[in-house]
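Chain IDs A, B and C follow the sequence of writing; residue 1 opens each chain.
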């Protein structure tokens, strides 16, 4: 008898009673006693996760057809594990903790009289969302699949794209109350071994009450907690995850979350998308540069406006200045407070539109547009130039959605600093953001790679993108 | 070692308070008086400063005037009389009387550099007429701006100090720009609105175009000008390149080639006059010293410079209308 | 891609540039400066190299380290004072001295690691180059060859140019503090001195083309010239220059803090990517701000001149002392 079978009881009744004591109160707990080859057995499963029909068709009917008799429970277990054609796992489950884990994963357990080991049968059938188009990360070209909440399904989506033996998908269980699984995927030939080990070790050391999304890991992977830049990137597209695997990155999938985490993540990756590599190099380069400009506008545009109006009006052309002065005179708040208020209001509208039920979200848009866009201006509460600038910044933020949170936080800080300290405040904010980006080194990598220091890599696939023949050549040369 | 919570709170509160308090708060844009031009003059030993302010809510340009014993006092009093906080950031023009000596002009120039902050690089002009009345200031300002654009005048405040002990400034005569060379000690060479003045302005770098009538009234010349200086052992050559040139005949019987020749003769004649006048007055108003020095060396007398005229395209000639 | 052995050369260069760009740029005429800067750069590089060698001998002496720490702290305070005075001249009444200190010191919070300082300096340099070109292009119309001066090449003139260029800035001596690794060596000092003086001489040339004979009495010539610049969307560009200066001063302050921590025997780390502990920042902030408030009534240029002299004396003393100690140790070994 294998060592690992010692923990459980040989008595079927005792084992069944143990499981009944844990799950008997649950309506989806199913157990049925049956006889296989003259040995009393019991099937246990969760009907929401596992299918009795599949069990009957794939396992029990097969066993009935074989018409074998067994001496004892151990012999039956041995036969099921090594000789039978039923879809059973190859290792016996000796520990009761393993029984609970398998049941939670949707497998059915076969308890056998006279054997302390149970056999897990793959009869999962749980309701799941089908692979659909991704909600965010809009792309015109490339695969239109998105990850789902099923971990195994997500792994299979990756493996369909990454069809080599180099892909490793290590499944671990997080230290959470719900024992959520997560998977570490990497290309063993390209990913740095020390980085993989560091990620593995860090994730293994995380203790969380609950793990509902891969983003929960993010703060644990950050070196500097004061740094607002994200430690990782996220994607719902298997194609993007596959591309990152080819770059030697690590993809972390969490059960129950369609969002894959990618580490280490670089600043320039937030400005890349699949369409960059599908379009022509010139157009792709232009769009990328536009995105950088959009980010700069989103973060620093309102602050520059406040700074110019309050401290350095000489920047503004004289013809425009008279109109701005008139608009400022007609509103009650100074430019900084006005800009902050409008930005806050726009964020409230955005948040309301995001959280509101779909049936009333269009009402939110109309109310937001009317109240802010029309009546507030007519009433003289806000001025048109401020509203225009804030709206432009909000739109620009959406050009780089993965840095949305950072854009908002930096924008508020920039408005505050520029409004209080003027030109020096604006400079302070620019340097704070720059220093944050420069000081971030995810797992020892330079966060601003390949943008800084500027070199060939910055022009090959950084600020702009080279043609594919050059990219392919560089990839072949890379170790 | 973790910082205790109350200490943390205190630090953050202090930081926030400092953040809020250490910005002084500047006046709102609507509370500023944007200065567009300043006119200085002196009467009866008293200095006067007239600030022309930007458009108010009614679209009119206001004035603020101040007098004082010193230029600083006059400027300060003018600032106090302005409706809001004076802002020099968009000032374009500083006008001074044409009959002032170079030293006095430099005094007022230094005042502007010191007091008018954050002032841009203003254009400095001299006014040949009476100092403007506040009611006429706006019209004068607009006329000066239009004329500056038309004649391509570039007379910066830095240029006032760039040459040691001398300067060249345009003089507004009401219908055009003349030019005056000023030298420390009172020496001055004045040219009224004419081809000579415009050529002198181009040679000094104060202008980049011609828009005048040739002496004798045979034709009117308009052209953009570029000047290139080349130092040679036998003297510096000034190559005057005329672009987009137009010659409008004012007298009947003048043909294209004749007009071009007449224009060249007029320019050469004007150049000779300028050289003669500047040689008598001394100094280096045309800025040729560094070019002569690079070839001749220090302490050597440079040969007389030459003017070569080059038409980039054949000038468009128009018969008398 | 992996961040190994971050190089502080860009930060040293930025820090050196603040001395040249924010200072009184009227030290010499361009012609003399351009002719003399190679020799002066070589001399400065030699001094820096000698200092680095001598420092190894005197480093264990605590009073010497504390003296250098005091010099660096004073230099940091002076830099803030100069920035404040520049701001007061351009935007009077817009910001107090405390505000200037906070604006310049706040980013130091995120510049605690060597890699952060190095990379931020790279970014700043990359931004400064096109910004500098834009600023020069925006005033190109005001640059006149006829403004160039023709000073006599007398011994006194050469001496004045050499004296203006041969300033031993703390940045030239700082490479002595970093531990040995591939990218440090005599070339660092030579590159620093060479690039620094080349930029200074080039800048003098541009300023002389703009100001002509008026250059010697300009207080902030670089900023005064930038007022004349206009470029496409923005009517004026000196705010851009001011913002760049402020960022460069912040990097300089972070560099001085890191150097100070090393002088105090700071955190040793195998990978040279040392980090200044966050608890040192309040001490540094308070010290520098206090010095600023003590010196706010004094003319910073005079203090800078005194600081430069003190730094030169300190360097000479370290070189002499290091040489003496080396001789003594050699004698003992013999």
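Assume contacts are C-beta pairs under 8 Å (C-beta built on N, C-alpha and C of every residue); 3 or more make two chains touch, one makes a residue touch a chain.
On a predicted model such as this, the values are computed, not experimentally measured, just so you know.
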What chain is the most remote from chain C, judged by the mean position of CA atoms in each chain?
A
Centre-most chain [mean C-alpha coordinates]
C
Distance from chain C to chain B - Cα centre to Cα centre, in angstrom
37
Chain-centre distance (mean CA atoms) for chain A and chain B, in whole Å, is 63
List the centre-to-centre spacing of chain A and chain C in whole Å, with centres computed as mean CA coordinates.
45
Could you list the positions in chain A whose residues touch two or more of the other chains?
311-312, 314, 318, 420-422, 425
Listed in rising order, chain B residues that touch 2 or more other chains are 19, 22-23, 26, 89-90, 118, 120
Multi-partner residues of chain C (each touching 2 or more other chains):
91, 94-95, 99, 102, 235-236
So in the complex, which bits of chain C are touching chain A?
1-4, 10, 83, 87, 91, 94-95, 99-100, 102-104, 106-107, 109-113, 115-116, 119-120, 122-124, 126, 234-236, 239, 242-247, 250-251
Per the touch rule above, chain B residues touching chain A in the complex are 19-20, 22-23, 26, 28-30, 32, 34, 36, 54-55, 57, 59, 87, 89-90, 118, 120
Can you list the residues on chain A that touch chain B in the complex?
309-314, 318, 321-322, 324-326, 328-329, 334-335, 419-422, 425
Which bits of chain B are touching chain C when the two form their complex?
1, 3, 11, 18-19, 21-24, 26, 89-90, 113, 117-121, 154, 156, 158-159, 161-164, 205, 229, 286-291, 293, 298
Write out the stretch or stretches of chain C touching chain B in their complex.
89-96, 98-99, 102, 141-142, 144-150, 152, 210-214, 224-225, 227-228, 235-236, 238, 279, 282
